[in-house]
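The two complexes that follow have subunit A in common; it is paired with subunit B in the first and with subunit C in the second.
Right, the complex of A and B next:
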């Protein structure tokens, strides 16, 4: 118990150059908190309520301005952040489960199984992300399910490959051979010995997949295939804001800033996780 | 000999991937809601009319036969006719190809000219100091700007204020070569932001990876000057991952620059395919998505072949690892 606590504290301990990580974590926490507070208490008003004249700049009744229908932007933005984060997180959770399972099996079994899994991944990986996403939309029809499926299909191949590589390295180590010789069954080896040792890779790749997921959701919604009106997502809000950009730039600035901040924070967290789980010796030439 | 065998293996894998891609595209288009004959004839067509149209388009044949017909025609450059314009799809792609190639070339030039030097510079400097943190921050920022957000911003700035370049007036290459490049410059810059950031980051990682190798320490001990070490020992060893990334990026620019092409009204390949999806223009979708995937696979194959030449260890190790 105590050992675990120490380990957790050590994992969370910020090293000197890691003000960036701290900032990133705060940004993400703030976004999640703002969404939760907005959804639970109704602070900022109802997203579909018409509160004032159309296309008003930020003012007292509408903190972030009003849109083309006279709705306040703030509650819609909160709703949009919630949709985007929830959708991407859910999709990446699916990706993580699928990729980890496939990657661990491919890495441990090797041979034909690995070949089959990797080749199928190659096929999916050959499509440009947004083209694959739009293709999914054409088959399933626009909507949340489409965005979810598209994110999973775009992120699974790379993550499977990375987990597979990590699992292969672990599978070659002595303790795995020892377990096999002593008659431990294959599922147990994969679950008990391989999985914990690739957890770091899963965390790093999952974090990067989350930022890709947000990008894909944004792009799809921006093109009109993702989340549909009257629902809101960050991509949809930016697309809407783009229509009134010249007269009402605040409609695009607020969701744009939030989107960039979210993606950047996630990327920075991913970088820190990578430095921690895949440490490298560095040397400068000076 | 080993090298040749390795090359053949790579080509076989690429062909297999290509086959999988074509099957997936064909299946996806067949799985789309709404039937082709209804789309062509309209909702009021009788059953007999539909049947005769299906026969005319070969839709009454077995699926495998349809697939083979499509693939063998595509292999000879015949991608069918567009439902919307009634023109051969291959000709439409031919019209758009120069635009996309110019746009890709511009964005790639920016990427290579800025991204690689930036990566080498930050990679060879002390990474723990203030410069390293700043470098991380800038590259993370560049990689976090979605092209639809950045593109919208650029369109706004250049339409609202007079900044010298206009947005959305694409000038064909045949009319005015210089004006054509000028009209593609802004979209190329928007595309390049992510590419530059990603390239700088990959280059930096690759350079850092090489710097810890013993032969660099040996070169430093021999007293070779720093610039010489970077040019002669570091760059070639660090080039493989960078090359792979640049190939991936160029394939993505050739087929996936959908959003930027739409925002800036550039008649390129990516937006044409997505327009095709909007209009259920099956021949265009099949051809466009197939082309994008083929470009990606070909670019990766090319990089693998070149990497084998740059770093002979790759082909030898691949054989030894057996995977």
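Right, the complex of A and C next:
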């Protein structure tokens, strides 16, 4: 674990001169901070309160305008950011735990165990993400739990495969063989020798899964399966705003910009982490 | 990497600029549009003599268990699309008056007898002339069917041919809405000879006397119609080819109207009229409909607090229909009782028991607990109404959890064999007689509502009385009693009328659009549209 911490510190240090990475981190921090301030202080008012006439452009009483029920968009946007980030982060944390466990077992055990785990993942991976998410929603019914389960189901297959491949490579290394010959138990080898060495892959895949999670949540809420009214999420706000794209563009532009910024920032952070952990790969965004 | 940063920066800056510089769009409308005295919002310009194609975009297609059989069609969308091919004996005028269609005239020798004289020169799309056997067979087939609409025809005793061009319908007792019920697509006259000899599968094909015939249809994608050359007024139908594209996304239909790829579209969003402001050659109008939104309180679940009438009535008393109309529908709807408030003889929703109650019963409201409110996603107004209701009930101390479903899931949860909801929002076509829609409050007659409505014999009797009494003061009184009974029973609560917004390109089509519509038929009068740019 210490080794991983050192590597992460090195990664951050190496990229400290990278303005884009710093920008991305600042964007994410700003979003988290805005959400916290909004939730804790009630800045902008209650998200579900009708504060003025319908579809008013940004003005003094409603900084980002009002929606189709006369609610101020600002508190709804803050609530939406919080909902989306929280749901996606929680889901990705679950994904990371499940995928890491499955990937490490598959990589270390190999053989039929790996085949079974990876083939099940392949089956799930063969479904388009949003179709899989809608399938989950159809079984569980709409709501946050569905959104969370859908994001996990969508992101687990790829992450498991990537962690499995990385774990397989580590499992063939001499120190693992030495541990095995020395009689160290399999769980200990996986925990103490393999897991720290695939942590970089997990971190990189985690950022990718986070951006996928945000998109899936947005898609689900857009279709009505995710966060339920009157709660807001970025996807829900975009769905509502889409109807007013011409006459009241502030309703889609504000959540749209935040969604794009969040996904870009997360991808840039992930890209940077990958540069450090997998330096042979070129960066995808340039 | 820097290029990306610049792109992101520019996007954010541009978006922020667009946001801050946008002009004000919609404003609150104090009340729905006032119907013009003519009864029309637009009338087609007869000086355009050219003929050509027309593209229409609608939000969803006709989906019925009975396929394309108009008699079993249960939704206004099916009635609209099928009305392009099928015609009933009578139709409805701009002010909800009954007018001749396939019947050139009718007589009513007694309160229980109607004699229809068939119009001459009427032919089906295959060229065969309409006969009295088609009329008799069609009405008998509808009455024998298990279709919900059969209940709307009332107590029909017999349908017989009483002359070479005459059909007589006898009722067991007087039924005031009979002619109005005949004016809707499910009562259309079918080609009975072809149906009986098996040469036509009415569930899969359409063959009627109307202005169009079907060229091809791909479910949920498009319909292609061509002019029916056998139609009695074919030379005056300017639309040679009618394409109906199914485009679920509201924004896509709006864009199609803007760029001219569609000439006529329907909108679910009442703000679409404002969204089109400033668009050259585009108009949007809102029809005042007798259709209305309703709130179901599932009273048939014995474990639910809604099984208690006091709880249901308390919840009803906590609702503010005026606020629903102004906030959720931007002032385009109006409060209504079970008799649609736009129809003659309708009751005054402001005088209903829940509206006149001083306050909602707090003890009953306390029992309500947390309720699940089911809505469907395809109509934005439904979600908006749900949120206003949620806020109104929250003020009364009742927690409502909104559950959004796609249309199929919603239908199965609400209208399925085992309903799984506490509250649900839907809408009914309001028809053209004040008593007609109330039949759906009789679960035995309606069928579809029997899983969530308890049968109320007193209410059933009032529904029957309202149907049988002739127009006048007595009937108005009965209708008021009927409204009050529905309101106090509070099982299925009429909320506000449902406006219908349509948009069209003035450079492509000159439509005839009625100010009011009773059967949700947004394509009514399309055979009279003219085409400004056609040669």
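Here is the rule we use: the second predicted complex is superposed on the first by the 265 of 286 C-alpha atoms of A that agree within 3 Å, B and C clash if a C-alpha of one lies under 4 Å from a C-alpha of the other, contacts with A are read in each partner's own complex, and residues count from 1 in each chain.
Everything that follows uses one rule, which is that contacts are C-beta pairs under 8 Å (C-beta built on N, C-alpha and C of every residue); 3 or more make two chains touch, one makes a residue touch a chain.
Quick caveat: nothing in here was measured; it's all calculated off a predicted structure.
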What is the contact status of A:215 with respect to subunit B (first) and subunit C (second): first, second, both, or neither? first
### Query
Does subunit B (first) or subunit C (second) touch A:97, or do both, or does neither?
neither
With the two complexes superposed on chain A, say which partner A:36 touches: subunit B (first), subunit C (second), both, or neither.
-> neither
Look at A:58 in the shared chain and tell me whether it touches subunit B only, subunit C only, both, or neither; answer first, second, both or neither. second
- Message: Looking at A:250, would you say it contacts subunit B, subunit C, both, or neither? Reply first, second, both or neither.
- Response: second
* Asked: Where does A:127 make contact in the superposed view: on subunit B (first), on subunit C (second), on both, or on neither?
  -> first
Report task. Give one of first, second, both or neither to describe whether A:48 is in contact with subunit B, with subunit C, with both, or with none. Result -> second
- prompt: Is A:259 contacted by the first partner subunit B, the second partner subunit C, both or neither?
  reply: first
Which partner chains sit in contact with A:242 here, subunit B, subunit C, both or neither? Use first/second/both/neither.
both
Overlap of subunit B and subunit C contacts on subunit A, residues 19-20, 138, 141, 223, 242, 245-246, 249, 256, 260, 264, 268, 283, 285-286
Per the touch rule, the subunit A residues reaching subunit B in their complex are 17, 19-20, 110, 114-115, 119-120, 122-124, 126-131, 134-135, 137-139, 141, 168, 211, 215, 218-219, 222-223, 235, 238-239, 241-242, 245-246, 249, 252, 256, 259-260, 263-264, 267-268, 271, 280-286
Contacts from subunit A onto subunit C in the complex sit at residues 18-20, 23, 48, 50, 53-58, 64-65, 68-70, 138, 141-143, 223-225, 228-230, 240, 242-250, 253-254, 256-257, 260-261, 264, 268, 283, 285-286
In their shared complex, subunit A is touched by residues of subunit C numbered 1-5, 8, 11-12, 15-16, 18-20, 22-28, 249-251, 254, 258, 269, 271-272, 274-275, 277, 327-328, 330, 375, 377, 380, 383-384, 386-388, 390-391, 401-406, 409
Contacts from subunit B onto subunit A in the complex sit at residues 13, 16-17, 20-21, 24-25, 28, 31-33, 124-128, 132-133, 136-137, 140-141, 143-149, 152-153, 155-156, 159-160, 208-209, 211-212, 216, 220, 226, 229-230, 251-252, 255-256, 258-259, 262, 270, 273-274, 277, 280, 285, 288-289, 292-293, 296-297, 323
